[in-house]
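Some structures are shown below for you to check.
What follows is chain A paired twice: with chain B in the first complex and chain C in the second.
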Partner chain A sequence: MRHDHGLTVTLRPHSTRIQVLAVAGDLDHHTAPRLRAALEELTLAPGGALVMDLSALTFCDSTGISLLVAAHQRAQDAGAALALAGLHSDIAHVFTIMGLDRLFSFYESTEKAIPALQ
Partner chain B sequence: MTDETATRADDIPDGLSGIRDAVSVRLPAASAYLSVLRTATAGLAARLDFTLDEIEDLRIAVDEACAMLLGHAVPGTDLLAEFELTGQEMIVRVEVSTVGQSEPKRDDFAWMVLTALADDVDAVTDSPDRMAIVLRKRRGSARLS
Partner chain C sequence: MVSLAARILRVPIATVTFVDDQWVHCRAAHGMPVPLRPARRAVSLCAAAIDDDGACVVPDTMADPRGTADPMVGGDPGVRFYAAAPIITADGHRLGSVNVMDTRPREVDTEEVKALQDLAALVMGELELRLAASRIVAAERELRAGAERLARTLQRTLLPPALPQVPGLRAAAAYHPVSADEIGGDFYDLFPLDGNRWGFFLGDVCGKGADAAALTSLVRYTLRAAAVYDPDPCTVLANLDAVLQQEHSGSGTPPPYCTALFGVLTPDPGGFTVTLAGGGHPPAMVVRKDGGVEAVRPEGGQLIGILRDPHFAEVSTRLDAGDALLLYTDGLTEARTATGSMLDEEGLAAHLAAVAPTSADNLLAMVHKLIETLGEGVSDDTAVLALSVPVR
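Our next item is the complex of A and B:
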């Protein structure tokens, strides 16, 4: 089925150490495998950092949140940092309810996250 | 029900207080259709003058309920969503056909999100081959956090 509300995942290496993964569209039960595959392909090295640019994310349910938590876990295991950037306030509400604001580092934008991770 | 419908027709200029409408949506029980149901949910909630925050909560709640059901649905069958709109609240019942299982898992992360976002959630088990979740969202109820 190709006629879903597209989820686009784009990897943009920023430097040798920092990678930016832009996630745009609806992240749900249906589109989550696409992000899961992209995350599995990523190489996270000790001292490295991953910024997930969520500024164009239009929907995120528990399936999506589980993936982000798994990414956080993977980054930690690899000794890398993970930052979430540009999350819309209406989507952030669910993160807050689930207590995830204590787990993740949130930044207003990718531009603000990158200097913090340097 | 008939009386209320008639009242509604007469009372439209008085605003939303008289609304008591029922809307049914039948879709293939496949995750590709979740986005369609979310759009329908948002459209119906907007009709009741829910706030944008409440609409978002409802959109996620309905999505979570359906995603939970889809894991148990018999392939090739339908998902039935019934929305009941009154002036103050929306009641949504989502239902799928299963094979001999009627209780969704309540220790699931999806169930946690669902119960946090809706005012009231219940799993209805009136048939062994159907699994249904009913959720309510009231307009203007306090939002968590």
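Our next item is the complex of A and C:
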């Protein structure tokens, strides 16, 4: 299968405490550097929260998974929360098999994630 | 290039031609239809041009014996003026020429001749660039092909050539690559432990290609060594995790990880007790003698090698005479069915229930057939390991 849909990463600050990073398209070996760069630019403060809106994420390979795990560890080190919102059911299912449901907080949508992080 | 030549020399016709033993081939033309038919070398002005060291100038073809036989002079378009500069390689080979022509006789000055020679040198430069680029591409392809060949060889060494004979057990395994060019990181093994116990595992390393093959090798030997050291299944996975974490600490590359099931078979008079630990891997499936299908799921086991304080889980089951156990990688369950949805555990379980294979060999044949049926829907390699207890 070919995945050449590209990846777009959009930062949408929600409040002083909560930031939303929308990731759309295919997250793979080729596109991961774009997300890595966006994550590195973010400032994660103690008590802050990052919602990754993955509702338009169409594919996630092992590089993408490594990157999300690294993002979680960075948030953890900074004392911030990380939530994954709107994950496609197939990808969520794969994450669950990998035991990542014990690591990440999954939310149906960004709208549902934000009140939970307030 | 040819239109530039025409403009600089203020002529209506310009061509770039290459010459072989017998023919003159036109590769680009301005003011003439393309492609021009090849002309016989013996009669062509362009053949005369490349033998000239500097530039060949024929102010009036009617007054020059070299031009009389050229079809472009005698026929259409009736060339009267001709000038050309040879295209010469760095080591002196004459490949062809840049030619300008007019239907009226005329003279050229030294500046114009110099410009024509510069254009011929530009054509040569362009050719050399393209040649160099294609050589680099060919060399890169060769390197890549070499690396993939090496990786495939490595992969063959990663999978055991034949599974050992375990008394009272039938074991079979297969590897279904999705592409012959690129190798994945699926692995499995079955080997003796202390006393009469046996260890087995099956898993999947992240990534593809030579890196994945190297990592697979590390994982496989670590699992075997860890099992000798302490065969408790969760401890084996925890030791593998520690080794993988060590592997990437400090490096800037994305940390490698794997998913795996590791099990211990303990024989008893009726069959075997199976203790199975899992780290981020889909559950094993057992097909009972009566056709019932159960998932053997170490609930909550996490990815190996990448998480802080990962959790590995363990589950036990029995294999009695007529029971068969299937371990597989996610190439199978993540394959797309005709409806576009993932086959998934449910789809695999339904298939197993419908076919009800009773031996390791039947299980393998069933998976083989299923992968063939899924066809293009399979996008990743699949490894399968099947264990069954024969009915005496």
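Just so it is clear, the second predicted complex is superposed on the first by the 114 of 118 C-alpha atoms of A that agree within 3 Å, B and C clash if a C-alpha of one lies under 4 Å from a C-alpha of the other, contacts with A are read in each partner's own complex, and residues count from 1 in each chain.
Here, a residue touches a chain if its C-beta (ideal position, glycine included) is under 8 Å from a C-beta of that chain, and two chains touch if they have at least 3 such contacts.
All figures in this text were calculated on a predicted structure; none of them were measured in a lab.
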Exercise. Just from the overlay, do chain B and chain C fit on chain A, or is there a clash?
Worked result: clash
For this session: Determine, under the contact definition given at the top, whether A:Asp28 touches first (chain B), second (chain C), both, or neither.
Result: first
Exercise. So, A:Asp90: does it touch chain B (first), chain C (second), both, or neither?
Worked result: both
Problem set entry | Partner chain(s) touched by A:Arg102 [first = chain B, second = chain C, both, neither] | second
Exercise. Which partner does A:Leu67 contact after superposing on A: first (chain B), second (chain C), both, neither?
Worked result: second
For this session: For A:Phe59, decide between first (touching chain B), second (touching chain C), both and neither.
Result: first
Problem set entry | First, second, both or neither for A:Pro46, with chain B first and chain C second | neither
For this session: Would you indicate which of the stretches 2-10, 20-28 or 74-82 belonging to chain B has clashing C-alpha atoms with chain C?
Result: 74-82
Problem set entry | Where chain A meets both chain C and chain B, residue numbers | 1, 29, 62-63, 65-66, 90, 93-94, 97-98
Exercise. Quick one: in the complex, what on chain C touches chain A?
Worked result: 206-207, 254-255, 257, 259, 279-282, 300-303, 306-308, 310-311, 330, 334, 341-342, 344, 379
Seminar exercise, completed: Note: in the complex, chain A contacts chain C through residues 1, 29, 32, 62-63, 65-67, 69-70, 73, 76, 90, 93-94, 97-100, 102-103
Problem set entry | Touching residues on chain B, where the partner in the complex is chain A | 30-32, 34-35, 38, 52-53, 56-57, 59-60, 63-64, 67, 70, 109-110, 112-113, 116-117, 143-145
Exercise. Can you list the residues on chain A that touch chain B in the complex?
Worked result: 1, 3-5, 26, 28-30, 59, 61-63, 65-66, 90-91, 93-94, 96-98
